[in-house]
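For clarity, chains are labelled A, B, C, D, E and F in written order, and residue numbers in each chain start from 1.
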Amino acid sequence: MHPIPWEERPANCSDPMWRYSGNPVIGRYDTPTSNSIFNSAVVPFEDGFAGVFRCDNKAVQMNIHAGFSKDGLSWNIEPDPIQMEAGNTGMIESAYKYDPRVSFIEDRYWISWCNGYHGPTIGLAYTFDFKRFYQCENAFLPFNRNGVLFPEKINGKYCLLSRPSDNGHTPFGDIFLSYSPDMKYWGEHRCVMKVTPFEQSAWQCTKIGPGSVPIKTEEGWLLFYHGVINTCNGFRYSMGAALLDLRQPEKVLYRSQPYLLAPAESYELRGDVPNVVFPCASLHDQEGRVALYYGAADTVVGIAFCRIPELIEWLKANTL
Amino acid sequence: MHPIPWEERPANCSDPMWRYSGNPVIGRYDTPTSNSIFNSAVVPFEDGFAGVFRCDNKAVQMNIHAGFSKDGLSWNIEPDPIQMEAGNTGMIESAYKYDPRVSFIEDRYWISWCNGYHGPTIGLAYTFDFKRFYQCENAFLPFNRNGVLFPEKINGKYCLLSRPSDNGHTPFGDIFLSYSPDMKYWGEHRCVMKVTPFEQSAWQCTKIGPGSVPIKTEEGWLLFYHGVINTCNGFRYSMGAALLDLRQPEKVLYRSQPYLLAPAESYELRGDVPNVVFPCASLHDQEGRVALYYGAADTVVGIAFCRIPELIEWLKANTL
Amino acid sequence: MHPIPWEERPANCSDPMWRYSGNPVIGRYDTPTSNSIFNSAVVPFEDGFAGVFRCDNKAVQMNIHAGFSKDGLSWNIEPDPIQMEAGNTGMIESAYKYDPRVSFIEDRYWISWCNGYHGPTIGLAYTFDFKRFYQCENAFLPFNRNGVLFPEKINGKYCLLSRPSDNGHTPFGDIFLSYSPDMKYWGEHRCVMKVTPFEQSAWQCTKIGPGSVPIKTEEGWLLFYHGVINTCNGFRYSMGAALLDLRQPEKVLYRSQPYLLAPAESYELRGDVPNVVFPCASLHDQEGRVALYYGAADTVVGIAFCRIPELIEWLKANTL
Amino acid sequence: MHPIPWEERPANCSDPMWRYSGNPVIGRYDTPTSNSIFNSAVVPFEDGFAGVFRCDNKAVQMNIHAGFSKDGLSWNIEPDPIQMEAGNTGMIESAYKYDPRVSFIEDRYWISWCNGYHGPTIGLAYTFDFKRFYQCENAFLPFNRNGVLFPEKINGKYCLLSRPSDNGHTPFGDIFLSYSPDMKYWGEHRCVMKVTPFEQSAWQCTKIGPGSVPIKTEEGWLLFYHGVINTCNGFRYSMGAALLDLRQPEKVLYRSQPYLLAPAESYELRGDVPNVVFPCASLHDQEGRVALYYGAADTVVGIAFCRIPELIEWLKANTL
Amino acid sequence: MHPIPWEERPANCSDPMWRYSGNPVIGRYDTPTSNSIFNSAVVPFEDGFAGVFRCDNKAVQMNIHAGFSKDGLSWNIEPDPIQMEAGNTGMIESAYKYDPRVSFIEDRYWISWCNGYHGPTIGLAYTFDFKRFYQCENAFLPFNRNGVLFPEKINGKYCLLSRPSDNGHTPFGDIFLSYSPDMKYWGEHRCVMKVTPFEQSAWQCTKIGPGSVPIKTEEGWLLFYHGVINTCNGFRYSMGAALLDLRQPEKVLYRSQPYLLAPAESYELRGDVPNVVFPCASLHDQEGRVALYYGAADTVVGIAFCRIPELIEWLKANTL
Amino acid sequence: MHPIPWEERPANCSDPMWRYSGNPVIGRYDTPTSNSIFNSAVVPFEDGFAGVFRCDNKAVQMNIHAGFSKDGLSWNIEPDPIQMEAGNTGMIESAYKYDPRVSFIEDRYWISWCNGYHGPTIGLAYTFDFKRFYQCENAFLPFNRNGVLFPEKINGKYCLLSRPSDNGHTPFGDIFLSYSPDMKYWGEHRCVMKVTPFEQSAWQCTKIGPGSVPIKTEEGWLLFYHGVINTCNGFRYSMGAALLDLRQPEKVLYRSQPYLLAPAESYELRGDVPNVVFPCASLHDQEGRVALYYGAADTVVGIAFCRIPELIEWLKANTL
């Protein structure tokens, strides 16, 4: 496999996470018809990487596209959206698709995204090759956003994190976990984490949602998530991390009081929706290095780096 | 079995549904601690009737109580709320319970209600005797209200109508149907009916939700539902009816353009929430007579009557 | 002509306006399909009276119906809405019609109403006989409500009062006057009266709109209008009066600081929209007696009485 | 002194508080110009009672009037508002006055009310005879409502309960206590009670405010207060009670989880603002009997009764 | 005549419209007192160009100024606002003026703008020389914005596009057309284009309004217009185009599904109102070249270019 | 004393106030844990300067830190927040602290800030050395922001400017003045300045609040203040100035119609809250030179300069 993208922490930096110097790695016009490319997911694939990308076209229609890369930095994104075939259902309606995540489970890649079916809900599909995609039943009733699958079954069941929402610019949101024996029927819904009191950790006091596919570590599932504060000039999206119990992932072991990354660079402060940092995927290697992909300002894609052992130490030291 | 409550249509009335002259049949203070009793469910039970009643106490805590009646008019409601035991799960948290429905399926009575679990969602429980109740997994993630079970499995699965919502006084709402093989995991979510354009049928243009357990007729499932219009002085809840396909209940055959019943009597126009008529249960007999129980002004319970064959004719003549 | 409806002021009453003891004169179900009849207009016609009535049917579709009466109290309202023919235009679209007024000008009766054309605006039509009606161009662009025509041309032009609004439950509103040479093109828009400061006259501090067709008196045009206060439990509509200059009707001579009539009777306090008194028409005779028709609680029609000379004296003594 | 108004608890009633059978005791038109009289205060005075009454006139201007009664039931209210003279300041601006309370302290009667000074704040005045009134400095900056003075100094200082608010129909509100050495400068602001979680006591989950002047009992200061729930059709105001520490009145000893009185009678359910019960004053005698005066539906004044020892027992048994 | 501003399409660009490399052409401080200059109109005049410019001064008072240029790039803007003289009316009140357009019709230049007359409405004035301006009757009642006149009479009447609005930051808006025989009275109001469903073309799903004076082409009137999407961090204004029928301009022949230009450059993403591209005027020559002037971020003026034949082809290929 | 920071007005600038070329002088990460440093206060101290700085940490907890500088440009800010000791009270609760001001009065430095005590209110503390701080009673009940003390007693009393608010992103706000004999009890609350009509000076039409400690001049107290306009994309904060009467500081002598400084530089247009310029402190010398410290975009601190005599002339020439 090609090594994941990586840059060492800059000399004068002591933060647990740092940005790639070549950010943004994907620009807003990187397909012929795109208005913006952001909030996208990547995974190791064959000898390189594949991904599913949110590309809003210039009519601002939201859809997801497949893409491929040798090095995780330079991407070829298909100009046309993914055409879904019927998976475990014949009902594959979709008014729009956005904010995909990709998780390899057992023998295939599962894609979860925000699917428009009489309101936003969680769409699910699988692929073996990133060429043919098979859309399955929506996991939930509306209204839901940010479906993130664990990379393996736990206690024999599929596990799906999500954020219940409303049908607009939802001003609230907590992270829940749901289980399924078959990727078709879902139940055992559990509340995992809620927003924080303003005084305790204001960056995550308005809403929180799961970000990237959890990474299995010896100490627990490492989850990157987004948190939102409602300022007088709009929502500001930042990124934090949490460690979830390996066997009971609805149990939070540690959760960051400070943010890991918040909008500060020009490509995060300006764009279609200013002040957004939105994690959707990560790559990691055996040395514990992580390349975290995040949407910036709802316009482009950036990468940030961290090391798992360091991050877990930091989490323990900075937990709520 | 004791006959269901019944009164013939008044002489000067040509409406498809008419009110019981003794309304309200249950008063707001009919338990020692209640502030209001409304939006409640009844079923035939032994040689009379049993029910599950929403009783808000004088702290305005919302809970559900069992009750019994010989004639369906005079009720003994338990002074204490139902104490749930664990059913198909150990997780039976409940911050509040309201708006119950009861459906007899196969061998037991299933209760569905709005359950407070980090927001409103659909709680489920069963009982054999209205003495011991076994709470099961919540059907859905928040936010949802108005869970109504069909009285039998369809295509081998349990069927549950509901109205996805938000966490407040939701200003929108459509009716969805979900399926389950086991009353634990739910999927195959389908949109059944949506709100109407204001110009077409304004009483149901803001939100709609399922009301009472559907009645099986030769022509389809007869569903009473509520519809809401947002006036400049608040929400006004009225009642309509729809006929759903017997085999594919997500398919609407007929749906009332006019309302069946709207707030007009004093006990519907005044109370804790003025201008509310909210159907939650019905009894019917072999002659096709229906006694429909509805909450009035979020304060008391009333009954209205109709005849199934007449109502279906009216539905066909007044369908959207 | 049949005398107008009339009752003397009750013995213990010193108010400038008093209610008819037989209120409401029109009930909500006075046509076979109506949910409510209110905010309607009457005029002398032949040897009795004719009118145009807002009848919302049980689908809560809003439309206007013709009606006739010998005495102004007992009305026969057509069960079907008015069918419009093309008047000075072929474009007579109408998604809904509500809140009609009727004004006899020169040789015909002009009806103005709130017409649904991509939002609420002012519809205009004329009739000679209340059987055939000819719809004309809408007077204005959306969004507007409460079009009220003066009963004669002033300075050679038609004069139309109205209240510009938005497309919902408008929380603001002032009274404007517009002129037209031909009932087709409108201009010379003038602001007539604005809402009052809360401290000065709170019943009319949120919005005001013209009510009934102005009555010509020696001292000016007598206009009844509605005013609204936004309470914590919704809008409350009351009625006031103003005297406008005979030649320059955009000039206000006197305007009531107190209201003339505000919701206090049961049929005004309860109904589809509680706490509404909404004047739409008046009859008067040569003795200066006035029978004022008003919608109550968006549900029924009531009558109130006053005497013009008394009212003008009261206006002078209670002007803003 | 004339005995306070009193009626024994009705036979079939076991509530801690019950309504006077002759309610409302003051009608909306009981002065020549009033639109409504409500939220008013009474005290023993000479051989009978005096009071300060909120009278909104028919322009819906809000002002306070003096009134007198022999028996506390039949009242003569001055037709003209109180004319204030300068007390401890020359700045006695007042855009409006409403919701007065009266407290006798040492040698005079102090009136506190919601005073319009660039927004609502707490106005203060004193009188010796209910004929001449001396207006003092406003206690606070805007925005505040419901100023209630303790009937004696505590630890040498005047004590004032209030509810900080905003400049509109405030959707939040807690009870605070402030101290003053001189009725001119105020400080030592303490939070006394906050709204409750929805699940715990929903009738007081949106806002709470102090009601009547606290009654000194052996066990503490007995405070009647109002609580508000925000329903989908508006605010509903109910009444509860609390016992505050005698020496440290910011310390709550007991506080009612259930309400004491909530809107249920016709004069409470209908009026200018439906569903309001708002306590402002009480009379009590040496037998521990209490006549509590409350505004109903922002329109009229009612009385309810209770006995202090019973009430304190009830409070202990029903405390939060 | 001096040639219009022009730059060829950059080599790597295949978009139908491209920005001028020297943008912004007018800076925010280009008059001595201005805070911002944007949303302004230009026309050919004498041997160069003239314009009417929206200049908000440093008190953020909104007014319009005349300006002149030889080349359309370098502008001399009068330091003082236009002083209006009375045109076809004596009533030329104006609380503020903003967002002007200029259209040469027959013998004179007509200016239309958003005029403050008890709310925003459409002001009209004419000039022959950009020195003396004659203000006419407002075209409409409030509330309206974005009045754009066609450059010639159609069917003998003046034609005015506009966007009805409310009195604030209007969250809705469609494009209407109105006719006048005399520039004084307006009628025959027709709906031209409405907002699109979110799924179909989200950049124009919240509101749309006419931009620059339509350009007559053989295939129809070419209209540039703005469209708005409501993101969680505010309104984003983009630009599209439509082709209207030559004889019945309320008939839309083609309308762009993708936007033509959306905020992406620094001067469009930052400023007093970030993320605004707002077309107000265009120049074109006989070769079909167009220089389109647009306001950027409510702060400065930019130019974009296109070719009419190309644009019409693109419109046909990308129509809704 | 070290001279205050100073730069002469740039050659091409004629504005009354100009920015420091080295802005921002304090960066967002200038303490080890800070997310942002802004809205902070400085004073002369010993042979240099001291200050109190708002540092939001990376959990976005708001607190105030002491800091020191030789030249007013280069600052050492303590990494830990100020630890308060009890001053004139034992009750020194504080859920958060932000937006400090510092005023030297008689013998000590007084700090005022927005203190979290069941909502935002004005906290007060004093220090002699910027090492030990003694927290006193909150000046007011909630809800209040922007407490600014005059640098000396007036008429024997302490004087405190503030802006009453609500508990969220307050959309209104005027400047009030309060007096205290002892820094513990406050009264004599006076309205000083209110927002302006939109047409007159829109940059300050939504809310205004006091900025820096007033500077005593021969002609009056010179106050820098902030003003806010509510654009469709959020609040924009600018800066103005006023001259208050020396003896009666609630009396406004002059007040700027144009703003003095509004967001225009990159560090003001972008950041956690874009488009904010927020004055909190100033230094001045005997030549009348002023260095004004202001928060920019709720992220960093900038300096602007002016000369007092010039500014007063400008104020007179540009007064409302």
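Here is the rule we use: a residue touches a chain if its C-beta (ideal position, glycine included) is under 8 Å from a C-beta of that chain, and two chains touch if they have at least 3 such contacts.
In this text the structure is predicted, and so the values were computed from the model without any measurement.
Where touching is counted per the definition, the chains common to subunit B and subunit F are A, D. At the interface between subunit B and subunit D, under half of the residue numbers appear on both sides, which makes the contact a different-residue one. Against reference pair C-D, the listed pairs D-F, A-B or B-D yield one interface repeat, B-D (criterion: more than half of contact pairs the same by residue number). Bringing subunit A onto subunit C by least-squares fit of CA atoms involves turning it by 180°, to the nearest 5. For the pair subunit A and subunit E, the distance between mean C-alpha positions equals 41 Å. Per-chain CA centroids place subunit A at a distance of 54 Å from subunit D.
Shared interface positions of subunit F, defined as residues touching 2 or more other chains, are 233-234, 270, 274-275. Applying the touch definition to all chain combinations yields A-B, A-E, A-F, B-C, B-D, C-D, C-E, D-F, E-F.
Residues 89, 91, 117-119, 121, 137-144, 162, 164, 166-167, 170, 172, 174, 176, 178-182, 184-191, 194 of subunit B are the ones touching subunit A in the complex. Interface residues of subunit D facing subunit C in the complex, by the touch rule stated above, are 28, 32-33, 35, 56-62, 95-96, 116, 169, 233-235, 270-275, 298. Chain contact summary for the complex, subunit F toward subunit E: residues 14, 198-203, 229-234, 236, 257-259, 262-264, 266, 269-270, 274-275.
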